[in-house]
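By written order: A, B, C, D, E and F. Residues from 1 in each chain.
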Amino acid sequence: MSWLPNLQTETPEEGYQLAIKLSRMAVKLTQPDDEARNKMRPGYANNYDSLIAVSHVVAVNFQTVSQANNYWR
Amino acid sequence: MSWLPNLQTETPEEGYQLAIKLSRMAVKLTQPDDEARNKMRPGYANNYDSLIAVSHVVAVNFQTVSQANNYWR
Amino acid sequence: MSWLPNLQTETPEEGYQLAIKLSRMAVKLTQPDDEARNKMRPGYANNYDSLIAVSHVVAVNFQTVSQANNYWR
Amino acid sequence: MSWLPNLQTETPEEGYQLAIKLSRMAVKLTQPDDEARNKMRPGYANNYDSLIAVSHVVAVNFQTVSQANNYWR
Amino acid sequence: MSWLPNLQTETPEEGYQLAIKLSRMAVKLTQPDDEARNKMRPGYANNYDSLIAVSHVVAVNFQTVSQANNYWR
Amino acid sequence: MSWLPNLQTETPEEGYQLAIKLSRMAVKLTQPDDEARNKMRPGYANNYDSLIAVSHVVAVNFQTVSQANNYWR
């Protein structure tokens, strides 16, 4: 099964989780080595500028997912 | 109850607050340790480039929330 | 009265002013100490990369305000 | 007369010029001192990362202006 | 045949792959030397800020591709 | 003739080329000295963070061009 069968979710919160998944997948496809990614985690998880940058990417993806779900109206 | 039941708010100001909440949640989900996040707060709260970056993330989320509310027209 | 009663403005120029207000408010809500913010002002006002970053945030907010006003057509 | 009477332009090229004007105005309103801004110019005009950042801001504003003009279709 | 015959894809996952392709193509057209690009790969693949930045570009392109596919609804 | 007669292109690939042109034009208008720009080229063409930033700008402009062409549907 695809990791991204569709962009529709039942709730906004699930949509937000999907936005996080979309944000992480680009990282995973660029650096496929699990160990390499895990080694970097403490670095960005304790760097506020990196955390703000992560939040920015999630915001862009959440906009896409929200549009795809007609804002769950 | 979900932290994000829906994207609709009564007023633009509440919409802006929701945009801030959306911006913070990605940080919280990436760095779930409350103490670690609190320790970083003085750093970015006194760094203008970080504050501008925070404002950027809020702007993207506020765009999404505004669209979801048909701009409170 | 709310600092953000609505997103509609009479003219594009007022819309641009609102975009600046939206950009500043996220900074103010993250660093509520007036003195701390004032102390940072000479720093970013004389740093071209920070000024470009400020302009970027205003551009995103101006996009939102423009959409809210149907581009003042 | 307003510096921004409206977002409509006759041609895409004029729209692009307006996007540049919008990008510069946020800088001017944040750093109103002409001399201070002029002193910074050689810095960012010879720094490729700053020039790329300028181009990014113009791209966001050009998107807004293009929408306002229905893409000059 | 064109490297970009159209923006329509059968599935969201293929759309995500297209977003990655679009992100890489701008790099390739700016630095056409394959060897030069390959030499840089270990650098950004082990730099979390670069990986977050890559993810940001993919998010913007994925938004475009998603719109082009009417969100695969 | 204008460097930007319109935003419509025959194909997505030409649209992508237009997005690159739009991205470069803001740089050219900010730094009009050809020699100064050429001198910077090796710098950003061998700096992965700059190349990612270039790709980001192209992505924003490609979104605009794609919208202008109704995604070549």
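To be clear about the criterion, contacts are C-beta pairs under 8 Å (C-beta built on N, C-alpha and C of every residue); 3 or more make two chains touch, one makes a residue touch a chain.
Owing to the predicted nature of the structure, the values given are computational and were not obtained by experimental measurement.
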Under the touch definition above, the chains in contact with both subunit B and subunit E are A
Farthest CA centroid from subunit F: chain B
By Cα centroid distance, the chain farthest from subunit E is C
Separation of the C-alpha centres, subunit B versus subunit D, in whole Å, is 27
Rounded to the nearest Å, the gap separating the Cα centres of subunit D and subunit F is 15
The distance between the C-alpha centres of subunit A and subunit D, rounded to whole Å, is 31
So subunit A residues touching two or more other chains come to 44, 49, 53-54, 56, 60, 63, 67
Among line, ring, star, complete and other, the chain contact graph is ring
In ring order, beginning with subunit A and continuing through subunit B, the chains are A, B, C, D, F, E
Within their complex, subunit D touches subunit F through residues 11-13, 16, 20, 44-46, 48-49, 51-56, 58-60, 62-63, 66-67, 71-73
Per the touch rule above, subunit C residues touching subunit B in the complex are 2-8, 22-27, 29-31, 36, 40, 43-44, 49-50, 53-54, 56-57, 60-61, 63-64, 67-68
